[in-house]
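Chain lettering (A, B, C and D) follows the sequence in which the chains are written, and residue indices restart at 1 in each chain.
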């Protein structure tokens, strides 16, 4: 076999991609030796729009459009950072409802990622199965917020809709069913021989590399790096509802899948605890004043740490809004993982990062 | 969340960050720019600790449009993306950082800087 | 692998979970977020909904022959663009006479065609508003 | 006369098999899926598309691939020499490999590369299959094989080895690395378009006929057994397709060379002791 170097493009349009991103692999007999990336295909200038076109109380709806999957985390992070610059207190009930939506969002986002990983490993049947199992969660979100995707549920002061008793029962039933399905999936991901050929030991990121490249979220936790913003902040009642950090070791695709699957189980437990213990109270409280000063907020989005920086000076328009999305920070880590892998594994590795390009380019 | 702000200068920023940054306990979040007025921009290096409650550290420096911001890629490889973003968005030169992460040739240049008029 | 093997076989005899839309209607939840409905006679023309709307899908533009209403002193006309609306119901929360003047129905918007003021004609209305 | 009709409708039967495979796959994945005639609707749609020719030889090689495969199927139906059939089928694959290498697309090159590697894996098994039939019947003639009673009892290991090549030939999981649309966007198919892609599409249907008509050789003269064999193997191949992930081309070749090759040789050696 020759030592010729071949340039293989992956993107900006490719079957295995959900969103436009371009990787250019330099390969030697399908072995990747160098990677070049381009992520700016979907830049929409949201940061500028938020400081010139929209008032501070509408931005929660604007930033929800940054990303379809983690819309709720974006609007929640913005809302919490804006609330910290205003006068008022969010009721406990609103906080519980917010966490409920965020965790449901995490469940369905992780399931999308898992299905996508298995599809890119050539396992279409599992893709269809996980996507089918994900549907009840989307329905739950629709029942709670009124929409399947763009929830527009969180607003400054609290949440927009109350939860009814029948919806609470639906949540309990659906989550109980889902738990069994997820346990089956764990079994399938562990024991399917062909999947283990594609996943075990492939695309590994060591703990040292994870620290060096500041990997985030499930990627970092799969490499054994103990970090989760849910336990790094006390603004949301995570400690009361049974949150546990899930970590693994090895950092390969298999470990990432396992972290995601066990996080789904943890999220199901949390949602069940929330539904059985929602405190009484108002869903929305009035906030006074205009944002003044600087605030920096972090929240664990399904893909990792999401950061908002807000600066205001008592005017309806903000001075600056900075969104740092999880995928954006992880791209150097992605590029590092790709080196030395087979091109045949590249789509599965890419899907296992769960990249979100519209988040990245915003 | 609480912010510890530390003012630095363009000369000592790399040195201070090198001293502060320990990859096993801290991670780099992002390089952020805030337009102060038409020519001045505040550049912030934002860090957070692993598994510590509400702990964020921000190094900041106010720069002019012509200043060259030193690169910290040597210390923190993952800073390369946010450095390129700041170059695009604020039109500030960062050492060894290429242009054109998001913006094309024909798009509005440095859209987030104070001098930008739409 | 074996459980998937059995599942693939048993799925052959199950009804597919696909919803055959449009032959079968899609089930709507009770909280379905549909079109914003406006009742001209109840409106007090406080313009709070217009200010609250994040995408600017509600506009009160000046017109020459408004519907007779005592509160309408500046002879304005309510204009609503369902293709711009994000159905967040901020307007209804802002409305002092919610449930009377502004309500959310469970109707879906029509598919926008050229004559429906989707783009260019809506821009004209926006410019008209700015000129006031 | 009957044979001529059979040869002429062979691509249509292949299309129906492809359609039913898509229906079965959809049901196994618990979804509605396309109608049975979807492959023909696809063909109709492809006729409307603008045909883009990269260069004439590439297109001609694609058409040749289809025509050779049709000839292969015709020869099987007419009951000629099994060895001719297998080598002619090899030629058909070589055409598509050449076509894959003749364009500049990287994905096409990768696909052709993988096609060559898989050729390395399944071709020995086909040749052993012919050898096995020869040792048993004393001839390579398909018509003779069809007239005698079933050989499956004496060639069980060869039968299993042949079953292993079916997913590879029909591009089903776990051995669909040659096509692998998530990685190399269909491999050699990527540079064909419009009406010229139809030939490749029909060639895919003919592969179904080719593989299953080879399979019926194991049934001998019993038509009922042949139908049962095709039905069961078709179903099992689909179930396996829906319960496995795609295996890398290296693993595919390794697996087939160890198991397929090993089992065939064992069977051949065993035959000489009978």
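Assume a contact is a pair of C-beta atoms (placed from the backbone, for glycine too) under 8 Å apart; a residue touches a chain by one contact, two chains touch by 3 or more.
Because the structure is predicted, anything quoted here is derived from the model rather than measured.
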item	value
Identity of the chain that, by mean CA position, is farthest from chain C	D
Distance-to-centre winner among chains (Cα means, whole assembly as reference)	A
Geometric centre distance via CA averages, chain D-chain B, whole Å	58
For chain A paired with chain B, centre-to-centre distance based on mean C-alpha positions, whole Å	24
Between chain D and chain C, distance of the C-alpha-averaged centres to the nearest whole Å	54
Chain A and chain C: spacing of chain centres that average the CA atoms, whole Å	29
Shared-contact residues (touching 2 or more other chains) in chain A	125-126, 129, 132, 192, 194
Set of chain D residues in contact with two or more other chains	28-31, 242-244
Touching two or more other chains - residue numbers and ranges from chain B	none
Interchain contacts, given as pairs of chains that touch	A-B, A-C, A-D, C-D
Chain D-touching residues of chain A, taken from the complex the two chains share	6-9, 14-16, 30, 118-126, 128-129, 132, 192, 194-195, 197-198, 342-347
Of all residues in chain B, those that touch chain A in their complex	1, 3, 23-24, 27-30, 32, 34-35, 44, 46, 48-56, 58, 76-78, 80-82, 89, 100-103, 111-112, 118
Contact footprint of chain A on chain D as seen in their complex	25, 28-31, 106-107, 109-110, 173-174, 176-177, 180-183, 185, 241-249, 251
Partner chain D, residues of chain C touching it in the complex	1, 4-5, 7-9, 11-12, 14, 16-18, 20
Partner chain C, residues of chain D touching it in the complex	24, 26-33, 238-240, 242-244
